[in-house]
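These notes concern the structure reproduced below.
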Amino acid sequence: MSERRLADLQAMWRIRAFEEKVRDLRAEGPIVGSVHLCIGQEAIAVGACDVLEPEDALFATYRGHGWAIARGVPLEPLFAELMGRANGVNGGRGGSAYFTAAEYGFHGENSIVGGGAPIACGAALAGRFDGSGRSAVTVFGDGAMNQGAVHEAMNFASAFDLPVVFICENNRYSELTPIADMVRGSRLADRAAAYGMPGHRIDGNDAESVRFHVRDALEIAREGGGPTLLECMTERLVGHYIGDAENYRRPGEMDRIRRREPIARLRQALLADGVPAGEIDAVEAGARAEIEAAAAAALTAPFADPATAREHLYA
Amino acid sequence: MSERRLADLQAMWRIRAFEEKVRDLRAEGPIVGSVHLCIGQEAIAVGACDVLEPEDALFATYRGHGWAIARGVPLEPLFAELMGRANGVNGGRGGSAYFTAAEYGFHGENSIVGGGAPIACGAALAGRFDGSGRSAVTVFGDGAMNQGAVHEAMNFASAFDLPVVFICENNRYSELTPIADMVRGSRLADRAAAYGMPGHRIDGNDAESVRFHVRDALEIAREGGGPTLLECMTERLVGHYIGDAENYRRPGEMDRIRRREPIARLRQALLADGVPAGEIDAVEAGARAEIEAAAAAALTAPFADPATAREHLYA
Amino acid sequence: MPDTSPTPETRKLSYGEAVNAALHRLMEELPETLVYGEDVGVPGGVFGVTRGLRKQHGDRAFDTPISESAILGSAVGAAMMGRRPIVEIMWADFSLVALDQIVNQAANVRYVSGGRLRAPLTIRTQQGNAPGACAQHSQCLEALFLHVPGLRVCMPSTPQDAYDLLVTAVHSDDPVLVIENRTLYFGAKEEVVVGGPVLPMGGVRERHAGSDATVVTWGSITHRAVEAAEALAREGIGLHVIETPWLNPFDTGTVIASARRTGRLAVVHEANVTGGFGAEVVARVAGAGVTLQAPPIRVGAPDVRMPAAPTLAQVLVPDADRIAGEVRALVRGGSR
Amino acid sequence: MPDTSPTPETRKLSYGEAVNAALHRLMEELPETLVYGEDVGVPGGVFGVTRGLRKQHGDRAFDTPISESAILGSAVGAAMMGRRPIVEIMWADFSLVALDQIVNQAANVRYVSGGRLRAPLTIRTQQGNAPGACAQHSQCLEALFLHVPGLRVCMPSTPQDAYDLLVTAVHSDDPVLVIENRTLYFGAKEEVVVGGPVLPMGGVRERHAGSDATVVTWGSITHRAVEAAEALAREGIGLHVIETPWLNPFDTGTVIASARRTGRLAVVHEANVTGGFGAEVVARVAGAGVTLQAPPIRVGAPDVRMPAAPTLAQVLVPDADRIAGEVRALVRGGSR
């Protein structure tokens, strides 16, 4: 138990340290443009990716760094991508909000809210014909539940029993607006019933809970039982994007979020397990060291070569 | 009771006779292009429009002739519209599938599946500010339930408690494809729960039942209770469009449909009420005569004047 | 991929039958193809164009919900994974409920991934006015797609091209939009060579020879342009009618060479003029410094919506008479 | 409508503040206005442009779900009923998930009803590349909207126009698309006359005088075109820079007159060249029979997607240097 928890902690620290480094690099200049951090939401990616098979396809959003890392995309090319370097996973073409790394089963971020959900259905559909046994996972936020394409994707997947896991990261805000004000009834998971598929609201700040439910959903999917919707409750420890003034936060909100956030919680649990504080802290230190090394390496890489800017438009 | 039933019968016969005449005119030439008849579905329009107020706004589909008639749009300008005449409700610009007659609270057909649902939300929203007390009704088919815009409209209306009645005419087919094959679970009304709004599957071949449920929904709407979804079960006695070979019909299907269709059923009920057959038949005859006269008048009207073809694009 | 293509043979096919024949061939020779869309499976398509595919290929041809975003988006995803989906959008007008999946998704896959991913999907649709059609079922939208880098676009107007272009499109490793026309589906049967080699993209069709003016056109209105050319030929005016069934890639060189030779240029399309692709053709010829004897003209629908009434639509959609009249004036007017 | 407009006054406003001032004025003088969209109510907009409206006008300014079809469609419906909704689509790219409501719905209301209904909605959006932005947040899509009859379209580039054009748009009885630019919102404050009369649509802005070439441009790249003109002026090349903040209606006459006078034409836009509105401008000038001393040129992004990496985007989005270089060649190259 402690072992898995330590592994989860390490996986989460790699993501958080990455994101914190990204925040610094954005402030310092090497990263430019709009960046959406997943600090506070790491447990979902860590729990879910742990039970994905290599052949499975994962479609994330602009808030996708953590998913890429959890899927095994190496850190240096990730940093390089965000810094617009030639050795970025897409040579800098995708940037923070729209990169892919299909070699690692990470089929891409998407900067159109809900845009990835129908695409994931297609990846699952392909699996029906290519003998791969592929399932597809698509990740989106609470706000995306109100986007037409997501509705169409859920119906499409359920009508055709496609092996898709719809992961809704409910961080309670769609950008700056509380999701509670934009829907009637706050349980988005209940919408699964509209499509005749299972839907569960789960603890998205607990990697173990996410792992259980995603594994279960994948089992249903692989047996031909079709899609599942998982509403993973979580919270951002940071703004919607770097620079968000977070004026929408209510008094006490950040305190509550900090108490519930997955890394602090897991630290408590490990301490309660009897794991020495030093061992726990070493995980963080190890992750930070790894991140620093990767960022430093990426910083020395050449920028994307302007001479290549027009390549790869067509076959 | 018999009186209302006779009134419903008359209202339905006016629609059916209109549609049958349209079918003839389409075969004979005066009407050209794609035409979608509502033969078999008349009870929904008749029941619903009976309880709409003049200030309410109605948004239908390409299968909207019956709704326009039930809303009180005069027959001659309707025929004229379908025939491309200058005195058509839109001077022939809308045609069979895309006309409006706002003066009669008929805010238009729509030839984009689901396209009218968000527009209806706006009409309802306007009513919140203009003191009209307006509610909005939007009509669409079973197939439209899988269109993103309809999902967005339902959430929008329920999130904002807008006075909208979503009427889904479930005639079991989306064009040539059974809706049962395109969704999991066949009760579309249950999707209302996803938006926290009431949803009912009702007998769409019984004007009285439709009347009851639409009135109820309008009362909720006017009291600020927001939208309702009504799934009105019905069937087409005809093809999706004029010319549809209806190869998708299963053995015995048309017999069953004919037994259940609203006019035959109401006729049986009236006979059981003790209304003399002659009186019942006179309703049909009266409607047919009215239709013939309107069609004949429209046939003598001048065609839309080509010199006006470029008018009214901008203010 | 094994060479499963049959030896070429000639068949008498209508335009719609030619599309159907191409689909059958493609599903046989490319096991990674899928054909789907609204009513395309069991019913065989509202225009009968996908008939027999379901029977022949089972699950690889299927009907979908009325969900254009799901249809197009799933095609993007399936294509990224190595399938070759051929999806149908029943009317080009309906693509507007889901344009994101074409423009923001399909068109970006290859470029943004730096060539690591690709999206070999084919979108079949059809467009244009037909008698009585309403404004939401009449638009010619090719110019929208032609402004989007990353998409290939073609518009066949003959049974042979309906066959050939679709075969080329589906064999392409990029997203291709094949824009057909419902007024052509049930036209006369013509001799069509089926089972031939996969042709490269691009190229033009010389539909009429002449040296008095160059007429560039595409889509079903090509037939009206040819009629106009035949009528003008009887008056001694010779039009060089160039059909460009491939609009992306577009064979600019041939157009420029012809315009240079004839000294007069007319572009004819059914779409409304402002912002139509005719502007692009004129701009390319002008940009190439071709000296014309008269200002180039564009013949297209005026900038209005499309009314359903035939008497109104008739004066908006260009016909052979109007084309002949405007080109006659171009030629007779001499240089301004 | 009572004349509630305040007497004109001059304020120092940034572009974003000017939009905000226009919105405040419009909500005051037109009680039928509504302002809504994602994050535009309580948060005051992701760019702060709708700040204060919610506080000032309560329910008439509100946030919406992330549902562009519902936002746009409800605006069409509310407008049909007499409201004047001003809705925001956060990025023009996002309009593609709901283009149907603009093209198939809003644009048809007046025409198809024969003038019995109207749809006086205003769609505010912003577009274009900014450092680091991805391909789905960088497109310039004006050409798509300019091909749609029934829509009015403008692209203000200065605080004064940001104010004036929006006021005109909202007072219009037709659907108007106001395309702003996020790289301008936080620019320098300028003197802006607020509270002035509602100006008619259309017209141009002469941004630089000169007689060697006509440069037609719109949107934020206008500033780069002016920089280029200033640089070339120092070399003795005089550019007549015409900004056309209204693209529909488009003031063709002024452009033609200038091109006739200078004998050279360059159209500069940020959008990619093929199928861009620059083609339309060139085609209109060519169609008018203007004799140019050199072939017209179009300066725009090449036909690729937009990469996030600044080193790549930089060589694609035209800057002042590139504009100056291409126009210099146009002028120096003489007639071909």
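A, B, C and D are the chain letters, set down in written order, and residue numbers restart from 1 in every chain.
The rule is short, and it goes like this: a residue touches a chain if its C-beta (ideal position, glycine included) is under 8 Å from a C-beta of that chain, and two chains touch if they have at least 3 such contacts.
What you see is a predicted model; the values in this text were computed from it and never measured.
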Practice prompt. In contact with chain A and with chain D at once: which chains are those? Just list them.
Written response: B, C
Worksheet item: What's the chain with its C-alpha centre farthest out from chain B?
Response: A
Worksheet item: If you average the CA atoms of chain B and of chain D, how many Å lie between those two points?
Response: 40
Practice prompt. State, to the nearest whole Å, the distance from the C-alpha centre of chain B to the C-alpha centre of chain C.
Written response: 36
Item to complete: Please report how many Å separate the Cα centroid of chain C from that of chain D, as a whole number.
Response: 31
Worksheet, complete the sentence: Shared-interface residues of chain A (touching two or more other chains) are 91, 93-94, 98, 110, 112, 115, 146-149, 152, 155-156, 159, 181-183, 313
Discussion item. For chain D, give me the residues that contact two or more of the other chains.
Written reply: 64-65, 67-70, 93-94, 97-98, 100, 104, 108, 111-112, 134-136, 149-150, 303-305, 307
Worksheet entry | chain D residues within the chain B interface of the complex | 32, 34, 59-60, 64-65, 67-70, 72-83, 85, 97-98, 100-101, 104-105, 108, 110-118, 149-150, 152, 172-174
Worksheet item: Which positions of chain D touch chain A when the two form their complex?
Response: 38-39, 41-43, 46, 63-70, 93-94, 97-98, 130-137, 302-305, 307-316
Response to the item:
Residue positions on chain A within touch of chain B in the complex are 146-149, 151-152, 155-156, 158-159, 181-185, 190-191, 193-197, 226
Worksheet item: Where on chain B does chain D make contact in their complex?
Response: 57, 59, 90-91, 93-94, 98-100, 102-103, 107-108, 110, 112, 115, 117-130, 132, 134, 136, 148-149, 152-153, 155-156, 159, 311-315
Worksheet item: In the complex formed with chain C, which residues of chain D make contact?
Response: 69, 93-94, 96-100, 103-104, 107-108, 111-112, 134-136, 139, 143-144, 146-150, 248, 271-272, 274-280, 282-283, 285-289, 294-298, 303-305, 307, 336
